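Structures given as structure tokens follow.
The two complexes that follow have chain A in common; it is paired with chain B in the first and with chain C in the second.
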Partner chain A sequence: MTLSGQPSAVSSQQGTLTPQLQAVLIRKLTALADDEIILAHRGGEWTGHAPILEEDIALANIAQDELGHATLYLDLRRALDGSDADQLAFFRNAGEFTNVRLVELPKGDWAFTMLRQFLFDAYEALWLDAARGSTYAPLAEVAAKAVREERFHLQHTALWVERLALGTEESRRRTQNALDELWPHVAQLFAPVPGEAELVAAGIVPDLGEVRARWEGFVVPHLTGKCGLLLPLTLADAAEGRDVHTEHLAPLLAEMQGVARQHANAEVW
Partner chain B sequence: MTQPQPIPDTQWSRWEVFKQDAPNRPWQAVGSVHAGDPDHALLTARNVFARRPSAVSLWTVRESDILTATPEELETRPEVQDTPGEAGTYHLGLKRTHKRSMTFVDLVGTLEASGPGDALRQAREAHPDALTWLVFPESGVVRTDDDPGTVESWFAPAKDKTYKQQQYYGVIGKHVGELKREGKMPGRVNEEPHVGDHKVYDHPHDKAPKVQR
Partner chain C sequence: MERSAISRQLSADDVWAALAHVPDPEIPVVSVTDMGMVRDVAVDGRRVTVTFTPTFSGCPALHVIRESIGEAVRALGVPDVEVRSTLTPPWTTDWIQPDARERLRQYGIAPPAPAGDTPLITLDPEPTRCPRCGSLNVRMTASFGPTLCKRLYVCESCKEPFEGFKSV
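The block that comes next holds the complex of A and B.
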């Protein structure tokens, strides 16, 4: 699936950024896009395997939306540095990807998949909601567009987490196991990229501390109150940066990038 | 020899999905989903039926709440019109043509009835030419609410998306259309199934007469 879109009208905005801010914004946009690309791939791995046909379609839709958001971010980046979205997605190695570790973990069972997507959807919906107020107009426009889809994703995954947690003994056990495994990874969602404080000070991106407070205010009552799950007492996993990955990312990229790399000069396939 | 055990039915309920394309248009039956409960049914219906084509409202109705009959069925089993159930407001849907492939039934209004069988009888009297009548109680409808937040997150995104044929999505390199315009595509890229000079199937929308044998 190509990530290259139409040339956007944002190039006129880049004159308003200092070179320093522009460099950090490029880093941030890439991180945002990388999260979406990798999560979309994990979602896509369920195609043909989801529990029922309707959910197969639903998850494929969600994964496609996430890839669409990656395209939006990479279009913003291209307006700043002329980079090519397909090159970034298909010709970078694991060490160059800057996604959080949460999204690269293997797809697991349905409970793991729905819970991860729920944790991420809540983060993304709240981040986008705040980013609608960005002083960088192109980002504010993208956020206003993407947040609508993300709110729907969140409804879908919140519903699934609730039903799995309150379903059978087995579904509850699986959902709790998923939470135990995923929870140590959520802190990284709220860890800024190097230099991000300058973007926040300029009003270009939301403050992640504030997003996290809203996220916890929504996610924790849902998991513990509504779903009766137990929050693990684990330490945050944010100390290492987005350039540090698990052993799971490289095999994922080998699969995702395989065709593109084998036929790097292909004009049509 | 042991008797085979009956296999328990583990399917979730089936829900019929009704979609409204635009304000002042009828809700139309577009297909069905399986779901465990009403909220799940509605969310799944949106994922399956309203992601690309535009919509403004979705209803789901549990299949067991719906009573349908064709004129032939009423002839052979007139007792369908005695089907018992709650009295109240019933929605009435009609299938009037075989021509459309994506939508099956239009909802045409409501009527007051003493039960589903009575609703069906009234439907038949009011619309004797229908190919199928469909009735269900108002109490069985699960609807999307029409607050701006729902409309914005459930239905607005689809308006920005154009439906594209599969071939649009070139993965890497140039789009097929670009290559065609540059004269680089050898022959047709999207041939329909055919045997010799003849298509192997007829599409209901095709105007051309069938091949004579």
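The block that comes next holds the complex of A and C.
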């Protein structure tokens, strides 16, 4: 799927940023887009394999939305540095991607997939909600747009997590296993990129500590109170940066980028 | 000598009228103006600028819609057409025209409920009425449908399955 091709939907305000802020903002926008692209690919892996046809369609829809959001972020980046979205998505190596490790883990079973998407959707919805107040108007516009779409993901995945956790013994065991496996990875969602504090100070992006507090206030009661799951004791901190990946990202990229790299000059693919 | 009669007299209303015939490629009973996607038309001599707002950001039909808008304006004899995008204010289903809602219903798609200022975290879907018999006794069978903008339902009264437009 091609990410570029639409003229920018971004009003120009880049002139108001200092070069330093601009460099950090480019890094942040890339990180936001990378999370969406990689998670969309994992969602897309269920196409033709989901438990029922409706869920096949649902995950394809969600993946399409996430790619739409990646496009919005990369449009913002293009307005700053003229970079090309397709080049960024299809011609960077694993070491150059800056997605969190949570989204690159193999797709796992259905419980793993729904729980990961739920944890991410809640984070994304709350981050976007806060980013609507960005002092950088183009980002505020993107956030106001994307947050309306994110709501549907959260409705869907919150319900699935509940259904699986309260379903059969088997579905509950799998959901708890998924939580045990995923929980150590969520901290990285709230780890800033280098220099992000300057963006926060300028009111350009929300403070991740505040987003995290809201996120925990929504996610934890849902998982423990409503779904009766046991929260793992430790929430590991994200010590390593976003350029450090698991062994799972490179094979994912090999598949995702295969066609683009084999036919680099193709105009339609 | 290049000025044709058409381009001399062209007004923004002419452009709006032409755009009213550009169908949504995924829901052909409604046009891009019915859907509220066209936000502004500016005519400056022989140059026309159409400002358009995307519905769902990941909608694969967006580039088709943009091209169709450009073609429809060029068909009026305008050589220079720019189709601009804007995200502000973000598109909402509240902008779908009343008569287009009725056409959606007749086509078998439940029109969207008022979106207004929906709270961010609301886990309940909006109430939806069966487009066939009007009953509110409906069950959502899939929260994502064949396109990003729709969900799937079954009516418990008349037993018909139907699609419903998401309220955004």
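One rule holds in what follows: the second predicted complex is superposed on the first by the 262 of 269 C-alpha atoms of A that agree within 3 Å, B and C clash if a C-alpha of one lies under 4 Å from a C-alpha of the other, contacts with A are read in each partner's own complex, and residues count from 1 in each chain.
In the analysis below, contacts are C-beta pairs under 8 Å (C-beta built on N, C-alpha and C of every residue); 3 or more make two chains touch, one makes a residue touch a chain.
This structure is a prediction, so every number in the text was calculated from the model and none was measured.
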Clash-or-fit label for the pair chain B, chain C on chain A: clash
Superposed model, chain A: greater residue contact from chain B or chain C: C
Which of chain B and chain C A:152 touches, first, second, both or neither: both
Contacts of A:230 with chain B and chain C, given as first, second, both or neither: neither
Which of chain B and chain C A:213 touches, first, second, both or neither: neither
Chain B versus chain C as contact partner of A:61, first or second or both or neither: both
Touching partner for A:163 - first (chain B), second (chain C), both, neither: first
Touched partner set for A:260, first chain B, second chain C, both or neither: first
Chain B versus chain C as contact partner of A:129, first or second or both or neither: second
Which superposed partner A:72 touches (first chain B, second chain C, both, neither): second
Chain B versus chain C as contact partner of A:239, first or second or both or neither: neither
Superposed model, chain C segment overlapping chain B, candidates 40-48, 76-84 or 112-120: 112-120
On chain A, the residue positions that both chain B and chain C contact, one per complex: 54, 57-58, 61, 145, 148-149, 151-152, 155-156, 159
For the chain A and chain B complex, residues of the former touching the latter: 1-2, 52-55, 57-58, 61, 86, 90, 145, 148-149, 151-152, 155-156, 159, 163, 259-260, 263-269
Complex interface listing, chain C residues touching chain A: 54, 56-60, 62-63, 66, 83-92, 118, 120-125, 141-146, 148, 152, 166, 168
Footprint of chain A on chain B - complex, ascending: 12, 33-37, 39-40, 43-44, 46-48, 51, 149, 152-154, 156-157, 160, 169-174, 176, 179, 184-185
Of all residues in chain A, those that touch chain C in their complex: 5-11, 54, 57-58, 60-62, 64-69, 71-72, 125-126, 129, 141-142, 144-149, 151-152, 154-156, 158-159, 218
